[in-house]
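We just call them A, B, C, D, E and F in the order they show up, numbering each chain from 1.
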Amino acid sequence: DFLNALHEVIPAFGASTDDLERCRLHGMVDCGDRHKHIYQRAMLLVEQVKVSKGSPLVTCLLEGSRGSGKTALAATVGIDSDFPYVKIVSAETMIGLHESTKCAQIIKVFEDAYRSPLSVIVLDDIERLLEYVSIGPRFSNLISQTLLVLLKRLPPKGKKLMVIGTTSEVDFLESIGFCDIFSVTYHVPTLNTNDAKKVLEQLNVFADEDIDAAAEVLGDMPIRKLYMLIEMAAQGEQGGSAEAIFSGKEKIKISHFFDCLQDVVRI
Amino acid sequence: DFLNALHEVIPAFGASTDDLERCRLHGMVDCGDRHKHIYQRAMLLVEQVKVSKGSPLVTCLLEGSRGSGKTALAATVGIDSDFPYVKIVSAETMIGLHESTKCAQIIKVFEDAYRSPLSVIVLDDIERLLEYVSIGPRFSNLISQTLLVLLKRLPPKGKKLMVIGTTSEVDFLESIGFCDIFSVTYHVPTLNTNDAKKVLEQLNVFADEDIDAAAEVLGDMPIRKLYMLIEMAAQGEQGGSAEAIFSGKEKIKISHFFDCLQDVVRI
Amino acid sequence: DFLNALHEVIPAFGASTDDLERCRLHGMVDCGDRHKHIYQRAMLLVEQVKVSKGSPLVTCLLEGSRGSGKTALAATVGIDSDFPYVKIVSAETMIGLHESTKCAQIIKVFEDAYRSPLSVIVLDDIERLLEYVSIGPRFSNLISQTLLVLLKRLPPKGKKLMVIGTTSEVDFLESIGFCDIFSVTYHVPTLNTNDAKKVLEQLNVFADEDIDAAAEVLGDMPIRKLYMLIEMAAQGEQGGSAEAIFSGKEKIKISHFFDCLQDVVRI
Amino acid sequence: DFLNALHEVIPAFGASTDDLERCRLHGMVDCGDRHKHIYQRAMLLVEQVKVSKGSPLVTCLLEGSRGSGKTALAATVGIDSDFPYVKIVSAETMIGLHESTKCAQIIKVFEDAYRSPLSVIVLDDIERLLEYVSIGPRFSNLISQTLLVLLKRLPPKGKKLMVIGTTSEVDFLESIGFCDIFSVTYHVPTLNTNDAKKVLEQLNVFADEDIDAAAEVLGDMPIRKLYMLIEMAAQGEQGGSAEAIFSGKEKIKISHFFDCLQDVVRI
Amino acid sequence: DFLNALHEVIPAFGASTDDLERCRLHGMVDCGDRHKHIYQRAMLLVEQVKVSKGSPLVTCLLEGSRGSGKTALAATVGIDSDFPYVKIVSAETMIGLHESTKCAQIIKVFEDAYRSPLSVIVLDDIERLLEYVSIGPRFSNLISQTLLVLLKRLPPKGKKLMVIGTTSEVDFLESIGFCDIFSVTYHVPTLNTNDAKKVLEQLNVFADEDIDAAAEVLGDMPIRKLYMLIEMAAQGEQGGSAEAIFSGKEKIKISHFFDCLQDVVRI
Amino acid sequence: DFLNALHEVIPAFGASTDDLERCRLHGMVDCGDRHKHIYQRAMLLVEQVKVSKGSPLVTCLLEGSRGSGKTALAATVGIDSDFPYVKIVSAETMIGLHESTKCAQIIKVFEDAYRSPLSVIVLDDIERLLEYVSIGPRFSNLISQTLLVLLKRLPPKGKKLMVIGTTSEVDFLESIGFCDIFSVTYHVPTLNTNDAKKVLEQLNVFADEDIDAAAEVLGDMPIRKLYMLIEMAAQGEQGGSAEAIFSGKEKIKISHFFDCLQDVVRI
């Protein structure tokens, strides 16, 4: 099933998936059916790229709120593809560079991919690659034009490429024509009460009788915020209780958990 | 007829039409009367350029939705013209270049054409050549001014030139005065139910009794999206069925086809 | 009369009018009274520059729709002036140059003119010289400031200069103060039914009984579009009939002419 | 009186007033009481600069429609001041220069003036010096900041300076704070019927009985346009009559004059 | 308790906290419960970073009116963390530098932090680091993109980092997506009447019977403004009384205090 | 009293107050109670800087209409401070320089001040230092960011600094956050009828019986405009009477004074 698939992956011959592994520090817990569906569909696209003659290039966009798990999901698909060339393009490795240098690095990744028979490229946080900021709005048109062409250009004969983009600014990408460029787009959702409950059960930091109450108050929270909240609550009111809680000796006090929720949701 | 004309073409003396051939990887299937009409009219313009004394320069714009088949059509006209110089100008070969370099390359193509007695130049995806993005909007005025002059400048005495432009941003081109510059403009349509049915019949991946239902649900889809959809559906629900389907041994399950349609049309 | 005057011109001593001749490839046919009036008034200004002591600089703007014949008219006045220095400044010879280089070339033309006792400078397609594009709008303020000063600066003592500008963006020029700078402005009209009939008669490609019907449907068409339309229609429905028609052996089929009109007017 | 004062001026010791003389090619005719009043007030300011101890810097702006005679008036005041340093700063001598070079030349003129005990600087067509264009609007802030400081900076001890600016874009100057910077501002009017009649009488190109009718139709015309109109009309309908008219042998036919008026006022 | 905690801090091994000490020149007086709460929560986050395995990066934003004490509070948390690397990034040490140099210095601070097992970085006055100005608005997108990535990038394995930002332009930061990037955000309030009274009592410059009246009129004043006001009032109406007041020999005359309040609140 | 205080000032040891003296060419006459109050308060701030331990940096903004006397007042406070380092930063000494050079010069002045135990810096005409123009609006963000930091940065231990800014564009400064940065802001008023009468009495150019009438018509005039007006009126209608009037032999004719008022208030 979904979770097992995630965990039995072994990094493929040649493809350095270290960068991708760093995108899912907490491992991958089961986040509910909607996340699972996206994973499965993305893996079908991977197969399509592999076997099809008519689709040498397939592009797929994962969009959703900040911290909803897009990067972790894209990294997982890349790792699970077992393709010889799997690469993540991220603003983190290009901090402070000039847009033309960033552009050159992005082109390089695509040209490396064109030399491998099967490749996956993850374009992580596309709005950040584009240096997007909503005021103005401003962004690098140089990089944006480069991506618009790269996302449409067929790899050379006999080579196959899957590109997975992630973004939390889908409206922006839509407005500059990126969404039409991707073959398919999936919305990665925040956790609803059911999803959250499932996650909390796996984390095992609440007393059984508190889990429902805890899940109930969260209300459509992205998974990253949930992890932050658990960590905060695990310190206890006076600090010092984290170790006991994560080793399972103690449980988080539900009233303190509600307290911490205030800080995270914005006082 | 139209399809035959498309297939009996043999690349002419000197003109390297490799780049043009890459624009129609799937070959050219019959997309219905409206596509055929545009092809025929464009071929008449080709003849006009060849025989006329008063029209040393004829320019023609193909506009339509993304993926509606404009580039494939323009490439086909270029190939079928049998002219000694046929060239496609595309952003794909100019990725990441500075606008002035792009400009110089475009000018070079026109000057090469001026040395041939008969030439066709395809300006593919003009909005991409102009580095257009709708926010702002931004675009390269350097390239845009260059094209505005090149599209009006007569070739030297005794030389004849046909320019075919393609674009999916006709409103933008209209607003910067490009549409008035072209002698004629044709709208390349998406496939209506009849067109789609014709295409599906040629592809032969559905059971005969499913074709009508499949064509019915598509509703004005560009040909590229239709191809993507067929490929996705051909993988089957669990993957692995593509080969059987494309070799004609199996047919696409119509219910799975409807399922895939959701992903492509945007969930 | 007007047409005779146009044809009996012989290029003057020294002034290279080749560039100007290229602006009227089809020769000059009679386009009706309104065109003739503008030609006559412009020739009077030529005389004023020649004889007057108080008008060492006269500037005249020809504005009108794209393809209405402005450049051909300006070139004709320049040729007919018989002045020793007649020069056309056109974006066609400055493609892809930097705005400061364009600027320098324009200044050079004026300074050359200041050395001749009598000069005509045609500033063709001023919006193109200014690299104007309606989005923004954008244009070169460097070139625009240069022209604003050149169009007001008196030539040195004893020298006389006439400047004829052409534009199809008169509203833009108005809004940046160019119209007030020109001494006089003339509107070059599109062809009305009467004008068009006159032109069609001279071209002799329709059966006599079809001319009225053909002229009727055109409705205020610029002369360039009319020429394009005639050429298209002359190919015939299946191609191949152009030679017979232009040699007068056959006539254009009026129904096919109506058909072609659809393409040109925009489907 | 006013006119005599204008004509008995003899260029002063050292001050090169050639540039200033070129600003009034037609000489100075009497344009009516309102022009005269401005001339007299400006001459009083000249005296104030000369004799006062508290006003080492006096600045005066002449604004009015294009061609209303501002530059001619400013030049006349400069010439009539009899000051040892009189200089006109005009965009005509700085065509095509970079804004920083223009800036340097303007500063140079002020620094030269600071070395003379008494100076007049004419800043002609300030909007042109600022490279102003109404679209945007755009202008050189470098030059504008430079002028804003220069127009307020006191000359060194013992030196006196009068600055006369001219502009036909007073609203623009107002909006960037230039009007508040000038000590006084005068509006140079177009000619009303009385003024025009006075001018026409002095020019002596109409039959006596036609002058009233001619003046009547003009309606608030700037003097430059009036001169242009007279020159045009003087050519006669068929050309060739200019010499006879300016030598006084013939008069302008009033009907032809009305005809020419159409061209100048904009058809 | 809060105040004691603040004062018993001893600068830790290696971490140069001089820069941080300069941020609280007046020492730290008790500003009321709301300030205390923020301090305590921030100290819990410090502990979380130290002990947790899942939170190698915690980011916290302090926002509030100008002069409300944000920088002093952030500095205090940094000092009290006892972490080996504690650093304040402030525009004061980067005056007049080019944005790319500023960018490089900021990146350097983060990279230094990545080498220490436990670090606190204070990003002081983020809007000033971003060169923000509300007109336009303008700001450095280079620096803003850099921070957006740095605030999300995990430190290398085994390293832990806490980032504390301060800002008085929270709406701006919100609008460019900075607020979502911070794990938690606290609003540092201005002093209400109770807080102000507490501060005034500690400062001991009023007669006991005047304190209530003085606190009453202040109405939600930031602590910096309160200090300025006290200093002004302490000079006395004729000057000269400051020493007596701060040494406790005299008290501030309440009527003069009211007088000074006018100047500070804006006449 | 106020006036005496102004006049008994003797330039202090080391501080070159020449630049400051040039800011009050006419000397300082009594402009009424409101001007006097601002002077006194500013002098108290000077004392505060000198004696206080908690206020090493005090900043004060003088804002008001153009010509209302802000610069003269700031210069006077600087001179009267008797501080060893007193410096005026003015756009007049930085004409035509690049913004980064201006920036460097401003920083230099502050760094010089940091070396003196007690300093006054006058930032004259801040909008001009910022190269502000209301269209756009445009201004140098480089200089504005530099000032925003300099106005907040504490001088090194033991050094004290007072900064006095002047501006006639207080709304602009407000909108870019400058007003909040200054500790106190004073509005320097135009002269009301009482103030004007006081000034006119001191100037002694009117007959006693005309002073009331003259003051009455002025209506809230800035002092600079009043001086200009007096100078103009003193020339007399025909010129030549200035000496007699300023030496007290004659008086200004009140009717001519009213006449001149028209020119200054804007015809």
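In this section, a residue touches a chain if its C-beta (ideal position, glycine included) is under 8 Å from a C-beta of that chain, and two chains touch if they have at least 3 such contacts.
Given the structure is predicted, the values throughout are model-derived calculations rather than measurements.
Peer 1: Calculate how many whole Å lie between the centre of subunit D and the centre of subunit E, each centre taken as the average of the chain's C-alpha atoms.
Peer 2: Centre separation, subunit D to subunit E: 60 Å.
Peer 1: Where the CA atoms of subunit D average out and where those of subunit F average out, how many Å apart are those spots?
Peer 2: 35
Peer 1: Hunt down the residues of subunit E that sit against at least two other chains at once, touch-wise.
Peer 2: Answer for subunit E, listing residues that touch two or more other chains: there are none.
Peer 1: Pick one for the touching-chains graph, please: line, ring, star, complete, other.
Peer 2: Here the contact pattern is a ring, one closed loop where every chain has two partners.
Peer 1: Can you list every chain round the ring, opening with subunit E and moving on to subunit F?
Peer 2: E, F, D, C, B, A
Peer 1: For the complex, which residues does subunit A have touching subunit B?
Peer 2: Going by the criterion above, the answer is residues 41, 43-45, 47-48, 51-55, 100, 103-104, 107, 137, 139, 141-142, 144-146, 148-150, 152-154, 172, 175-177, 179-181, 183-187.
Peer 1: Can you check the complex and tell me which residues of subunit A touch subunit E?
Peer 2: Counting only subunit A, the residues touching subunit E are 22, 25-26, 66, 91-92, 95-96, 128, 131, 133-135, 138, 227-228, 231-232, 234-235, 239-240, 242-243, 246, 263-264, 266-267.
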